[in-house]
Amino acid sequence: MTNHGRLQVAACRLSAASTILLAFVAGLPGVLRAQDLENGKALYDKWCAGCHGMTGQGDGPAADYMLPRPRDFTFAIYQIRTTSNGELPTDDDLRYIVDNGMPGSTMPGWKDKLGPGDRDDVVAYIKSFSRFFEDGQPEPVAVARAPRVTDEGLAEGRRLFEEEVECIKCHGAEGRGDGGSAPELTDDDGFPIRAANLTENWTFNGGGSVEDILMRIRVGVDGTPMPSNGDAIDAGIITEEQLWRVAQYVRSLSPDAPPRRQDVVRAAFVEGDLPNGPEDPAWNDVEALYIPMVGQILEAPRWFAPAVDGLWVRALHNGEGMALQFSWDDASASPDEAWDPFFDGVVTSMVAPDAPHLEAQGPDHLAVQFPLTPPEGTVLPYFLAGDARNPVYQIRWRSNPDMAEEGTATGLGTFASGTGSDLTHGAAFANGRWQVQFTRSLTASDPGVAASFTPGESMPMAFYVADGTNAEDDVRGAVSAWYAVYLDVPLPPRVFIAPVVATLLTAGLGLVVVIQAQRRST
Amino acid sequence: MMIDFLTLLQAAAEAGRSYGDFPAVGGRGAVWIAAEVHLMFAAFVLGVPMFAVITELIGIVGKDERYDKLSKEFTRLLVFAYSATALWGGMLLFLLTTLYPAFWGHMADIFSMSMWIYAGLFFVESFTLYLYYYGWDRWKSGRAKWGHWGLGLLLNVWGTIVMFIANGWLTYMMSPPEGTTVAEGLPDGVTMWNAIANATWMPINIHRLIANAVFGGSIVAAYAAYRFLAAKTPEEKAHYDWMGYVGTFIAIATFVVLPFAGYWLGREMYEYSQQMGVTMMGGFMSWLWIVQAILIGVLFLAANYYLWTGMGRIPGAERFLPYTKWMLLVLIVCWIVWGTPNTMIASRDEFAAMGGSRHPFLGVLGLMSGKNTAVNFMILTTFLSFLMYRRGNRIPTVTWAKAGTLTQGAMFVLSSAYVLWLGIYGYFVPTITRISYSVYQVAAVLACIIGVWAIDIFLMRGSQSRGEIRWGEMPDRSQYAIFVLAVTFTWLMGLMGFARSGIRQHWHVWEVMRDTSDRAVTPALGYAANMISLTVVIFLGLVAFIFWLGGLAERAVSKKPAPIGQPQAVTGG
Amino acid sequence: MFLTNIKVLAVGLAVIAFYTIIAQVIPQLESEVPEALDLSAGVTPEVLVTAGEDLFMGGAGCTSCHGLGTRAPNLRTDHAGEGTIGERCGSREQGCKEYLYESMIDPGAYLIEGFPPIMPDARRQLSNEQIWAVVAYLESLGGEVTVTADDIGASASAPSAPASSGAAPARTATTDPVQLLTENACIGCHQLEGAGAPVGPAFDGMGSRISADRIRTGIIDPEAEIAEGYEAFAGMMPATFGDQLSAAQLEIIVQFLAARQ
Amino acid sequence: MRRILAVPVLLSVACGGGGESGGESSGGGGGEAAVAALGTASIMGVVNFSGMAPANPAIDMAEEAECAAKYADGPTDPVVVVADGKLANVFVRITSGLPAGPYPMPSSPSVIDQDGCLYTPRVVGVMVGQDLEIQNSDPLLHNIKAVPTANRGFNISQPRVMSSTRSFNTAEVMVPLECSVHGWMQAYVGVVEHPYFAVSGADGAFTISGLPAGTYTLEAWHETLGTQTMDVTVEDGGSASAEFSFGS
Amino acid sequence: MKHLKHPFTQAVLLIVGSWAFFKFVIPLFPGSAPVPQSVVLQFTLIAAVGVLVYVSENEERWTQFKAPITATLVDANKKWLRGGLLTVIPLFIGFVVFQAARPTVGSTAQLRSIHPAPPGQITFQGRSLALEGLENPLRSRGSLEEHYETGKAIYYQNCMPCHGDLLDGQGHFGHGFNPTPLAFDRAGTIDNLQESFVFWRIAKGGPGLPREGTPWNSAMPVWEDFLTEDEIWAVTMFLYEQSGLEPRTWGEEGEEHD
């Protein structure tokens, strides 16, 4: 660089500094408190450095265990902004993330932990990691008001989603992140990254409201492949209202509220035949239970970046047999060559601490387990594939070759397959979602291999799901704790007799009291 | 194969030598019932003499024959209760030796000497009792009366020593001295005295001594309450109303200090073994203390209820009535705080909504700081009720009456403020510091009680009366409160017995001698509650029988009812 | 009067019932009795099997080799088409339990083809009762449990574990370091020239990583310092080698390993 | 991991984008355009390639039929473009020897087009502050994503035929451009603080003109073949030749 | 207004009001949460007992309170009310019994002991370790700063996914387990415990819980399989440091209600 340039730089740096200083001094009196970098640093070192690293490079001790990685502050690339694409976020943007965290990632919200002043200090300190902030910050993008949500609007949104804005390219036809370009996506650091599953708005990093979604579409998500549509608006190709339609459509892909947490899957009693496949329309009327799934990080080899975060379970029985239907979002039917880049990316970036990695994509897995014998009292087998004392009965399914088997296990990796019932299965993959059905008789033919189910009783049930393209296998994957399936029974007579008896008894007692009182009063 | 079978048979025979079985309730159940009923009778025969000696003293000092008669009436019951105690004690002994021979062998091995002394003292105690009862009318006046009272005192002394010895055995099971083994005899450096005077011996002694006084008082009160309800004449009603009051007074007055003894005991246990301490307070038994809190809440409320309804028969007490509802509010709030479980019972959905097994807001109340504060407030409130009751029909005449009352008020305010402050501040300090706060709180409450009481004694000196207490004008429901008090206290004793015994879990002697029987499991609270209820029913049934017997004897002794005068309120305990 | 009696009785019983009900409605919890490992007299086969299972799965560390099927035959599942250990030991002529017991106290006696002779004498880690418990457990895997208290008593008088007898002599008086390492089952867990398992730090290149003194300490007191990266295996190496090797043999091994650059 | 290349501190401060464009004067177009100011000398060079050129990888464009249709023999990724021993897409610039600025700003923007799901040109140079015009000639969605280290990046969606303009305010060689929708698409932008740079054409030739007399260091960069430097001396009005030679 | 002063109305209002308070108002307090049904019931019961004491402690109030009840039972002009109550109350009881008798699929109430009693000694990686009286050896060895950093790294690599950055038991995997992972950031959790207790829980995890820790849904891994003794001590130290709580010491002792 030339002397001249250097001087100029120095001069402008000075003026920038003095401007900031001036702004501070001017804004101070009583209203604003000066952001305290020292305090910010102390708080940062204590609470943030574990992931983001002492020098803000996103290389804290936990970083290698995560995918996506923690933010590297030194480049000032921030996903969640209200400013134009490529620009710095405003302080409010940063504060918003510090306050609320990033759902769907490991970043928690800090508003219950740190005071407002403390959070300001942390924001100030985070900004000090990057020179870009020395130039001041831009204004938020102005956004027009949202049009009312209408059916036509949603249809228009869908059209735009698929044909004009072409969100479908990455996010897929039904928004489950299974678009044609999805397997090759990487973030700015070259780590593999998934297109968001738009059917789970509670996992959207920047919030799941229509307004949040619009802003992401409008200005993009920096550091990720998600582009800004600002230029398209400027060029007159897309109108802002159309973007609102897209946002409204995207919001409509998710349920109104995140699935409520429940414990028990009710297997309703049906007369006659059970559904004959996972896509049987009969399943549509059956109530589904959402099971949150999390990484198997309990026993080696642990897995910190599971692909599947939830599983929907439905169940039916007809007194003779029972059917369980599972559906979960998985962008690929593994193994899938198209996803090799993603698979390779996961393998090279997830430095699993416990075991060497897979060479090639395996199949997708689903396992559902029950205690082999109904539990006594509160004693259940260990929820992770049972324990030596309390074996579990597992039904396992694999996508390729498509097969299901049953057997017992007494701990992770001890599955012994066998035949204990007339288990059959069906599986279907479409638009980034697996649907699998298991059907079997209620009673096991071999009680040493399979569990039996009794109508009217709850049977504990736990799950395991793995995605082959995410470098998962039969021990690295997503697990759940114990839930239960309850097989409905026709109401027994005592249910009707007991209330009648109780009513009559109470009425009789009441009469006695009345008669007694009247006799006394006279 | 044959040999193997024989070996197994032999093994079974050996196992049979360590443990016996009992039909229906099982070996443990049998010992449980026998031990608990024996214990309740023992508490009765220790508590009632205390009661008798105190009332006799009041009678002597106050020259009031009512108290003397009261005292005698109960000593008569004591004679029957004594044999019941011995009977159940014998039964317990037989059950232990037949059902737990190995364990009993171990105990005998260590304590044989003290067992002989125990038996000897039992004789001495019996004879003292006979002398005390049958000499009542002979040594009626003057010095002889004091001598008679001395006999009563002696009776208490023997009883206390007997209890201390037995406590030595049972506390040894909880906290044996270090180095003890199951091998024959005691190791070097450990003597029988060490085994008796172990870590929890003295706390248990004190705890039981106080509890016995409460127990004696509450059973006496229940007896009086029954007689009150059954009374046909106003005189009789007045007498038993008064008797019920005296019994309740003694029960409540001693009950107020019972939690402090409990703290000491718990503290010693924690110090002795962390594992035992955690099992007791935080772990397996944590819910037992919620049940206990409910029971003690009932006790406090019933006691206050009795006092408040009793104020209806005291002329002038109506001026205090508007305050009772606020005191009730304090009691209820404190009861709720004390009864707040730290480990809540909830479904998974509820746990999820709470974000864990602890409620983020109420969980705070589940901690020691909150509970301790609540208990101390309940004690202070009850004490205030007493004070109001006592002052009901009095007009102080001393010149400094106003200042005195204000000082008393200030003491109340200061101590409650201090207790409250410590309770709140306790959340902001480390556990170890917080624990010491309970001591300060207790000290503040005790200081307040003693100080206020001392002032009150002088304040009431020579006070004028607003009118005599109309004994006998008590609503029936107040008498039921006394029953509730007695039953609850008996049940509470059973519960605490389970707690004390249960924390040893699968040990006969903590970490020395294992319970290797198939009933080594510490039962769940439901089973324990059934056993407790069973023992309580047996005990109360027998007590009722004894009372009935006493009634028979009474009728035999004097056909005509004793003349009833106008008894005075007890002014000191 | 009668009514009063009834009322009093009712109040009393109601109070008792109330407390009893409260205690019943809360979830019932019984305490757990930790299993006493008193396997001496009057022990039943069930107790032995359970205790043996605990040992096999946990304390005794059997599964670190027998669970994988690569270092040693997998005992819990089918091996070479002969079924689980309980099934296949029945073919042994001296009887199943005798065979298993002997295999445990003298592992060299019955080597299975294809596996390295790396199993240590079980008596180094387990008491006589515990060994029988493991035998009972292994028998229970597909076979009938025939171990009884009798067996334990009968073998109790047999020579006890070499570890506890103080200065038990090494099996042979060899001075060949490789033979020593093999005989003492070291290469079961440490790799030598690529052979062996990576449970402990490899012998290859050991001299370049740590000093001779450190090697010596490591053999005599394995817990003294755990090599980086092997923390998960801490506690697996028996501390009995100091007694088992003669001073000269120990020194030979130390020098041999220190020279492995 | 690209970011690991540390940012040189001296280059690190820019002043709101306005700082260095303050010296703007009339100037020529991009690298090839004539430049009025500082001098009249020029460097005319050529980049040779010796040996067998590596085969360029084929691209599976099945998902974009409209693009695929433009390539008769099937699309390939033009990583190394060699014709008659001449290497194209080499970015050449002067790294030292220039007098202190300010330098004249090229008057027209540099242009990069997305056509047939590939970037043309694949390598482009811009001066600091100079506009880069990004065109989309494909009737389908591209996003153009710049992943610089010293500059602020951008990521623009271009759902249809349209164009956007961006500029960089700090020198950076090279700024990668990519398309997330089409993982194969790759381009490079050389951002230089002066206008003396050029990109070799299909014939391997490049020209840097408008230089004052002096001795300069030239640096040639190729995305897979690395960089080479050489010193060149020119006189006023004269023209020096420079020849780079890459090989496989 | 006259009705409001009547003890009967007051009693009814007080009981309903306190129920509403426990059920609806307590969850509104800052940082609060819905109160489990069992607790609401318990509290309401206590409040009802208090109300009963209130109406009956004073003769006059008691008579007043009883008046409407007696009137309903006796008065001739209240025949319809009497009849109505005699119908409605038994029907309501019948309904309640029906609800109770009907098989439901709702989750069952559970009781878990948060802090079960630790054993006297444990086997840690093959060695016996007496817990009673055991202190954190790191506190008297080396630099505390360094141990804290070690502990921090271990926490973030292993514990954070469940127990969370905030130590509030709500890490990104926390919601998948029941019971939810323990929060360390509140008084009444680890500050009630000696460090040896924490060490035991970390080393042995969910599978090492005693019976009172059932149901064994605890997802706490057995960390002795992953970490060394010193690492567990370091992470224990980190927990206290980071949460600003102090471990319970072995010194002077007392009890703690739970």
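By letter and in written order, the chains are A, B, C, D and E; residue numbering begins at 1 in each of them.
Definition applied: contacts are C-beta pairs under 8 Å (C-beta built on N, C-alpha and C of every residue); 3 or more make two chains touch, one makes a residue touch a chain.
All of these numbers come straight from a predicted model, not from anything done at the bench.
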>> Going by the touch criterion at the top, tell me which pair is linked by more C-beta contacts: B-E or A-D.
In response: B-E
>> From the C-alpha centres, identify the chain that is farthest from subunit E.
In response: D
>> So, comparing each chain's Cα centre against the centre of all protein Cα atoms, which one is closest?
In response: E
> Once you find the CA centre of subunit C and the CA centre of subunit D, what distance in Å lies between them?
Replying inline: 68
> What is the distance in Å between the mean C-alpha positions of subunit A and subunit D?
Replying inline: 42
> For subunit B and subunit D, what's the span in angstrom between their mean Cα positions?
Replying inline: 94
>> Give the residues of subunit A touching no fewer than two other chains, as numbers and ranges.
In response: 261-263, 300, 377-378
> Taking each residue of subunit D in turn, which ones touch at least two of the other chains?
Replying inline: none
>> Give the residues of subunit B touching no fewer than two other chains, as numbers and ranges.
In response: 279, 284, 287, 294, 298, 345, 347-349, 352
> Inside the complex, what are the residues of subunit C that reach subunit B?
Replying inline: 1, 4, 7-8, 11-13, 15-17, 19-20, 22-24, 26-34, 36, 38, 41-44, 148-150
>> Per the contact definition, I'd like the list of subunit B residues that touch subunit C in the complex.
In response: 3-4, 7-8, 10-12, 14-15, 226, 229-230, 279, 284, 287, 290-291, 294-295, 298, 345, 480, 483-484, 487-488, 491, 502, 505-506, 514-516, 520-530, 532-533, 536-537, 540
> Which subunit E residues qualify as touching subunit A in the complex?
Replying inline: 31, 70, 73-74, 82, 85-87, 89-91, 93-98, 101-103, 105-108, 110, 152-158, 160-162, 164-166, 168, 170-173, 175-178, 185, 206-207, 214-217, 219, 221-222, 225-226, 242
>> For the complex, give me every residue of subunit B touching subunit A.
In response: 347-349, 352
> How about subunit A: which of its residues touch subunit B in the complex?
Replying inline: 261-263
